[in-house]
Structure formats: C-alpha cells, structure tokens
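Chains: A, B, C and D, in written order; residue numbering restarts at 1 for each.
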C-alpha cells in the first residue's frame, strides 16, 4: 500500500548488524563524549584503513554540523571556502557555514564538480584585503548530483590547492557509494594522502547517524575537540558512533553496503538504458537521475516514492531515485519493470 | 573486575524498551529531518502532557546544541542571557552560547539556583546601550548541582522575568529526575505555563540521545526549524528521536525511569545519613554529593566509579554519585554497604 | 610633479566649509556617542529632507561598518541578503556581512543593478528550511559601477520586496552623486518612501567620514543604537558627524558638492565623446569608465592618477576616472585635453 | 551659563595643533585605507618610540572596535579572554567581544587591576574541552577606574601569561594619562617588550578619533588588515589618523597633553586633600573619584558637569571628575575653590 521507496538513503534506521551491536553493548558502562574504548578503537581502525598514521579521527553527529565545525576550525575570520555552486554548504545547509562567520565562494564547475580552472580563477580574483581570502576548497565525494571525482581530478585540485595555499576538505556524506562504484579509481588511502581533512559518512550508509572526520593535516588537529564542543556537536553517548563505525569497518562492511546500493542503482540504470530513458547526469553511485516526460513521472509516482529534481521545460523533467544498503532487490526489479513499461 | 558505575547518567545506551522500539521500526521508510509520523506523534503526545496547545515541540540532537540553538533563536545580537554562575551554558559548554554572539551574565544564586533578587540586580545594572541587554533567564531543572526549583521559586523567577521583559528558558537535561523527585511540586504543565521554552532531556533519562524542545511562547516559534538547521542540529534520521520519545512518553515511562534513578539515589542518601556522612548540597534527585575525607574517597574509589567534585581543604573533599534508569539495586546496596562501613 | 588626481573620491580631507565648522565648534563641550545637540539637529534636518517623520537617523562611522550593522540588525541568523553579484557587500567588504553570520545571495543583474526578475528567482529558489531565507534586498545608489536606479526601477524592486517579504536596504555611499545627476528622477523623499532603510554617504561627498543611516521602517528601529555599539561602530565624539552633516545639509550643500563632481565628470564624458572614446558602462554620476587601448592608458598614466578597472583583451582595457567636490576645473580641462589628444 | 565641564575626556574636538595639521593637509591627495605616507610615517614614528622594530602599527577608528578586532584576530573560536570584572570589554562594550564569538572570563582584581593570582586561578579552572580555553589577558592602562599598573605589576602579569600561554593585550584608551602620571614607572618601551599587543588611545587624548594598535608579537601580525576590514574598522580616509598621530608624536605632544590633564587633576586632588574629601580609589591620572555626601554632590552639580559614579549608602556617594588636554586652569581653580568651600 505504501509506495516503494527510492526517495533517499536515510529513510530507514541502521543496518541490522549495526543494530545488533548496539544491542549487545547497550548496557555496558563507558565514559562519555567519545573518549571510550569503542570510539578509540573505531578511530584507530579507520586510521589503519586510511593509511595515514599522522591523521586523527573524530566522530561527528551529522553532516551539516561536521562541515561547519571543520571549516570554522580551519579558517580565520576573514577567510573563505571555495566550492561548486551546487556545493551542499552553499545551498542546502541554511547558511550554517556563514553562521560561523565565513563566506562561501562559488567557482566554475562541471557535473557538480569544482574545476581546477574555476578554483584558480576565484583565487586570482581575491588578491587584497578588501576581499575575503580563499582558504579552503570544499568538494563532496560523491557530489550533490551523484557524480564522483576521479583520482586524476582530485590530484589536479590538490595541485591548485598547493598553488594557492588552500586546504582541501572533502565532504564524504556519500563517500561509501563513491568509493564502491565500479569505475572508481579513488581509495580511502588516496584521500588520506590528498585531503587535509575529509569525513566518512555514516548516516547515509548503514548507521543511525554519525560521520567520521579524518583530519590528515597535523596543522589542523590541535584543539579539534574544543571546536566540536564549541559548536554543539559533541555527543554525551559518543560511544554510539564508536560502536557503529567499528561494526561498519571491522569487516569492511561499510563498502559492502555501499556496493549493494550501487548494484541496485545499476539495475535501474540498465533498465533505463533498455527503455531508452536518458540520464540527466551520468552517475555510477547510488543516485540515478532519469529524464522523463511529466506524464511518465506522474505514472511512476503512483507506485514509487522518489524526489522531483527539476523541470526542464513544459514537457520534460528530471527525477531522482536513491538506493541504499536497505534497498531490496525485488523492489528494484519492480522499478526496472515499470521503467521499461513506461 | 570493572568498577561499580556511579560516574554519570549517560554511561549506557538506551532503556531496553527504547532499543526494542528502535529495532521494531528499524526497516520502516519514513521521510527525514523530523517530519515523519513518529516525530509528529511524539511531539503531539508531549504537547498533551504539557497541556499547552499553543506550544510547539522540536526534537534536538543534544543539550549544548539545544541550548545554543534556542538562545540564539530568542535573542537579537546585543542581547544577553542571565544565569547562575554555575549554569551549564556559563561553564561547561565551551562557550557555545558566546559562539553564537551572545554574552552570558552570571547572577547571584544559592545552591545552584538563580535568585530573583540576583536576576533583578543584573537587569537594573544593565540600563543603557553601552551594555548588553538582558533578554533571557536561563535556569536548569534540576540544576548543575542536583538541586531543583520549587513551584514557588519558579513563579518568583517568572515574576522577575515579566518585570524586566525576560524570556524564561529552562534546560531540562535532567528534567525527569527533577520532576520525579518525591518532594517536587512542579509538573510538566507548570513548565508549560511558566516557561517561554524548555527542553525535556532524553540523553540522561533512557534515550540514546535527544532532547524535546518545547517552545511555549508563540512569539518564539516562527522559523525555529530554520534555526535548528542553521546551527547544524537537524538530524537526517529525525524519526529516531520521534520513536524514542514516543516510547518514553506513551506510558509515562520517562518519569518511571527517572523515579527509579531517584529511588536508587535515596538508598545512597539513607546510607549516608546512617553513616553520618554529610551532603555537600541537599539533593532529592539522581545526584548525591557526599563530603568525605580524602582517605575515605580513595578507599571507595577502589571499588566504585564516581566523579571527584571538589576539594574542600587539606583533609575533606566532595565526590559525586549519579544514578540512572540503568542503575541496579544490587549495585546501590553494595555502595550503601561500603558507605556505612567507611 | 605629482599626478593629476582622478583615482577616487576619498583622496582628500573634507570640504572647506566642513573643516571651518569643525574648527568653530572644536572647543565646545558636548556629551558623547551621538546624543549631542549637533547630532540631534543634523538628524532632524535629514528627516525633514527625507520627509518621513517616522524615520530615525543614526550617524555611522563608515560604509562597511554601516552595512554590516544595519543588515545584522534587520535579519535573524538564518536569513540572507540578496544583491547584485557586483554588490559591495558581496565583493569588497572582506566578508563583513558573513562575519555577522549571514549569507549574501547574488541575483541576476544588468549594469550593476539588481533585476526584479533576478530577485524573484532567488526568492523562489529558497523555499524550505534547508536553505537560507532571503530577507533583505541590498542595492547601491549609485551602484558599484557608477550606474543609478531610476524611480521606476526602484518601484519595481520595492514591489518584488513586498511580494516576498524582503526589506529594501540602499547603500548610499555615493548617494549624492546619484541624486544630483542631471537625468536622475529619484529624490531623497522617494527613498524615504520606498526603502526600509538607506544611508546617505558622507565620506565620499565632502565629509571627513560618516554616513547618515535613515531607518524608515519603524519595525527596524528598536534598539538600533545597541547594534551600533555591539558592532563597534559608535564613536565617542559622535558630535563630529553631527557637525559635518549639519554643514552639508543646512544649505543643501551636500547636493551642490555632488553636482560639482558630476559636472566635472560630464566634461570628461564630453571629451570622450568628442574623441570617440567609448564608455564601458554609461554613467551620469561622478565615475567614468573609458575603454582605451593599453597604449593609450599607459600614456595617460604618465600625467594622471586613475584606477585600472579591467582588461578586456590583449589590446583593450577599461580604466576609471572619479571626480569629487574637490576636483578642480583646470584639472578636468587638462584631462579632457589629454583625452582628445590621445 | 553652561556648566564647567569635568564630565569626560572626549567632550571636545581635537587639540588645536591637530586641527591645524588637518587643515594644512586637507586638500592633499593621498591613497586611501591607511596606506598613505602620513599613516606610514606615523606608524614608523610610533615604532621608534616603542623601540620594538618587529612590531607593526595599525590605525584603528575607535576603542570598542579596536578591542573586538584585535581579540578576535588573536583567538580561535573556543578561546576566551580573561579580564578584571570591571574590564571595559566585560561591561561597557555591549557584548562586542562576545559578538565575535568569544567568552570574556572575569578574574579576581583589586582597584580595577587584574591580579596575577586571579588570572592563574581562572586558567587552572579551565582545564578541559568542555570549557573555553583562556588565551588572552586583557588589561587597561589606565584601568576603567583610573588606576594604573606599575612596571612590577605588569611583569608579574606577563609571567602568568607566559606560564599559561596567554597573550597580554593592553587597552590604552587612556594610555597617555597613565604613562604621563608623576609616579608612573612604565614607559612605551616597556609595553613594547611586555605586551603582545596594545593600543595607544587618541580619542581621549587630543585627537578627533583614532587609536594606534601596536602588534608586537610577530605571530599575531599576519593578515591583521584583513581583520580590520572584516570587522568594519577600516576608514577610507585613513590618512586622517596618520596626520593626527604624527602631530601627536613628532614632538611628544601626546605625553605633554596627557601631563596637562594629569596636572589639572592634581589640583583637584590637592583641593580635596585640603578639604578632607576622600578619594574612592587613589588615582594619579586624569580621573578623580571624590566621596561626597549627596548634599555636597547636588551643590556641586549646580555649577559643574561631572558623572555620578555610585551610591555608597543613604548618605554618601562617589562622583567622577575627568580632566583632559582641553581643561582650562581657571576652570580647575574654580572647582578647587568649590570643593574647599563645600
């Protein structure tokens, strides 16, 4: 009776393995605020995967909070963060970064990805004390429209950052989906080498909540926990994040869950290809953006829950399907059938 | 082998009933950001208990975050919040309120409770535009040192607030323990009448996390959700708070859990009385502050985990025991025995 | 020996009449912080000219400060200000508005002027609590590139503001030049009717410093002086602004000075027309933007001081001449001659 | 007819020498924003007097603005500034420091002076990430109640700062009066050695406005001009401060003016001693605080303008006389006579 769910990747609770682990540890006593054994173990495990022994890991309560805390920790008051116009911090965080006092500068982008030339242009335009000073490049992996940076693209951005003295910060709300994509040539270790800081998103890949912030650059590490508390992001029962990330990473389930989401999206993409339905933007992760007639959209909407993305003209429109660790094969098959029958 | 735990009331996960409900609802699909059925139902249930149909309820991720969001929503930039010197926002939130741009003004207090005369004095001292303008009175119920305001005390503070145009905001991180205390004459309905806003703390009384903010004064309600998002406090899986608060309130278990915590603390208090051990400050809730010799403290510390509160002099000191919904009777009896044997 | 000065309109001190008045009143004793007789008289005089008896006038120390104070006084934390991409607050104030916590949203514009359709589009795009809430439209009269809004254009923007609940705020750093322009159909009284707040710039039109902020909308008036102090903009010797604005407005010299500046610029414009030199953007106020070859520019630079505005391509470029109350006719004639001889 | 003025030291314009110099340079053309020859020369002159070749000097528009800019430049978001409870930033700046996001922590003090033990206590109390991190010690020379630190006292505070990693910042709104006091053993050079930053107040000692910020610690210098602009404190006609400070310092008139103010205050102090009138707090600078009966105060108020400071009880009260470079000997003699005749 309720519609088949492709609306987003945060519509359920946590992966059953995570829930089970939370139950098992539920009555244990630990100290608070993320200094417990579970949090420390999870942090160490993530450091091992990242392969950067100088990095530090902090458990954050959510994405917007994580971004605002990290960016305000990394910048002085007159400094600004550069990102694609579609950047989550620029559009969908209700000014949370500006609320910490910093300007967000949009740069030229393609398919949701900041272009090295765009970043360079912004930096060259900001040359004196009457303008903000660009200090951080913010990118998302995957981006807000489901695309992902290749390793070569990341390296090119890193080079621009080095040229202009920018930190490279990567929002990994959907990092699992990006790294688990079939054609992805980027690894956690690459991020540990290229980024000054990045976070591994838990909320959208199997956890109840929680993002693991990896601060790679030692210059950005001092007093980071003060910043978390100062911005209201420190959880009393911090061990919850520890337990959940430990579960996600000790057998690399984090990537298995993301791979499942991607595989489900692949089935949708294949059905679209078979049915001759175009992708608005080519994606390989857990978000798919079909271009449909409005009539097709409305027919689909009777049975499936999805997001309306954008109207292209009087006739055509874009919608978004999102899959997750929780997406059932039979549900995807049903959607595939419906797409082919449109 | 590990010590018997009286360190705090956030050392475990959630009450088993809460965990069970999270499990039951885990695979359901809901929309995000607290607009789901569970959150709406929980909000309505709380409104019913509060008895103020004009109030609004918002689920918040944590206490520091809730305080900073609410206070910055209620004040203009030059306005300040008044509180006891020991107020949590004044001491233990790493300047989270100041980080939103507002001064915290300490007023005279007794036993952790702001005194009406103290509030009045601060207001009278701040009379022109070269000084901040006091706009909110912040109190905690229970206070940071475990005491609780009586109904008469709350009414007296309300009167001062009315006299000087202050909003009354109540931090209810430990509201359950305060209201469930045997001698407490304050009810949720009283708060709904007297406070402009208050929050019902979930983190320290049976939930994994979450605080239910009740905004009673209609003038403070518009755009409150924007404020939550702007300060990074809006959770994607907002329904978690909904499910947990629903569990806590649909059979009034919230107060039952708090009453259990208080009863466990009563056993400690009785043992102290029997053993002639003084309370540093007289409490009736889930925190107990014995005055011990340092030798006694050290002996206790071999078997029990508790917080060192304060050294009084060379010989004497204060420690803190905290009980919770999770405290086992046998553990308390063991502590009682140890206290009597000191 | 030193070059003839067309670099900007803040390169000298104050108009001699202003200096004389400062001298005359120099040893008088007055109270501080803008509550003296001079400030009150100047404010009243300005109110009379504006013709809005419900307005309030405050003397501000400078433009960036005035903008940041007013905008942060008018907005709640999640609210944003809309402006042309070239808006001074968006580009040339080092993030001063963001430093108060607010996002600046760029809208479509033409010739430096925000377009009603552009404002409407931004408002329509910002429809939920995951995005900032547009609350103020910021425009400059004249704009940052020397153009000026007509009365019809201002009314069209006012209509959009009314449609979306925006305040209309006008930065009048060069208001004198705009209103004194020959073809200008906008008056101070129009601004008093159309704007929620605007400021009359003194720094760039004859004063040592100082801007007169006119807050027309009574809803924006309460506690404005607290905001000035809170943001560090209240001058101890506030009477200086009072004395200077009184001098500028008691015989309408303010507009005479601006008219002089415009007339000097007209001579430049005429010479350019005679010499076939194009204007980059058509202006009628005290800024002129000739399009030159780089060789022409370099030749001029030997004798005249001006600003390099922009390179158009390998060969052509734009420069800026600015005139002021202090520009001497002989200097302009010399420039005119040089332009015609290029 | 108007009362003899002892109300404050910012009730007139500028010293006649300053006005003359402003007149002489009024029609010169210079570049803006404090990068002109006058500002650079004045800065160099001040550096010479301070004797710290590694320091930098910036011209600031006013005291509150200078404090907020410097303190927010020196601290990260979770850091706090320590000061005496009577500290200007703590009481009389409408929360300008908190508006930049930082907590002000009051420490124990005596006669308006922060005590080393008080600073130490505050630092020891703030030991973990749940509390703000003390980072700057703010003191005023002279203090808000007219007292001044001795060299030994400054060295003792410097030692505490070194012990706890605090910067020492000195608000010099009345620095002239402090250093010119007969019994003062502190020099500009001492400040250049002991302070990380301090400002030399112009507003209250002969200038129309302006404070010269001396940033001694090289670690605090980078990008300071960005901070000035970001907080709205950069004046377009920055050369005004340059011209004024140059006038004040090229013949050391700054100290001569302050010495005059102090000498005038000495006459008041002598008259009080002769008349047996107590000082509320012993001062040697340009502020005097007599303890009078309310009847005496009211009698004086008929002829003299002064500030009411504080009521001590039903009968007694404290008032404040302030002298300045502009105070006339005959006016002081008249006051002395009146005091002796009380």
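Here is the rule we go by: a residue touches a chain if its C-beta (ideal position, glycine included) is under 8 Å from a C-beta of that chain, and two chains touch if they have at least 3 such contacts.
Computed from a predicted model, the values in this text were never measured in an experiment.
J.: Check C-D against B-C and say which one is joined by more contacting C-beta pairs.
T.: Between the two chain pairs, C-D has more contacting C-beta pairs.
J.: Select the chain at the greatest separation from chain A, using centres from the mean of Cα atoms.
T.: Relative to chain A, the chain whose C-alpha centre sits farthest away is D.
J.: Distance between chain B and chain C based on Cα centroids, please, to the nearest Å.
T.: Comparing mean C-alpha positions, chain C is 51 Å from chain B.
J.: Using mean CA coordinates as chain centres, what's the gap between chain B and chain D in Å?
T.: Those two chain centres are 43 Å apart.
J.: Could you give the separation in Å between the centres of chain C and chain D, each centre being the mean of its C-alpha atoms?
T.: That gives a centre separation of 33 Å.
J.: Could you pull out the residues of chain C that touch at least 2 other chains?
T.: 77-78, 93-95, 99-101, 129-130, 132, 226, 229-231, 234, in rising order.
J.: Under the touch definition given earlier, write down the residues of chain D that touch chain B in their complex.
T.: Going by the criterion above, the answer is residues 77-78, 80, 91-95, 98-104, 129-132.
J.: Applying the document's contact rule, which stretches of chain C touch chain D when the two form their complex?
T.: 2, 5, 7-8, 10-14, 16, 19, 22-23, 25-32, 61-65, 67-69, 93-96, 99, 203-204, 208-209, 226, 229-237, 240, 305, 326
J.: Give the list of chain D residues in touch with chain A in this complex.
T.: 33, 72-73, 76-78, 100-101, 129-130, 132-133, 223, 225-231, 234
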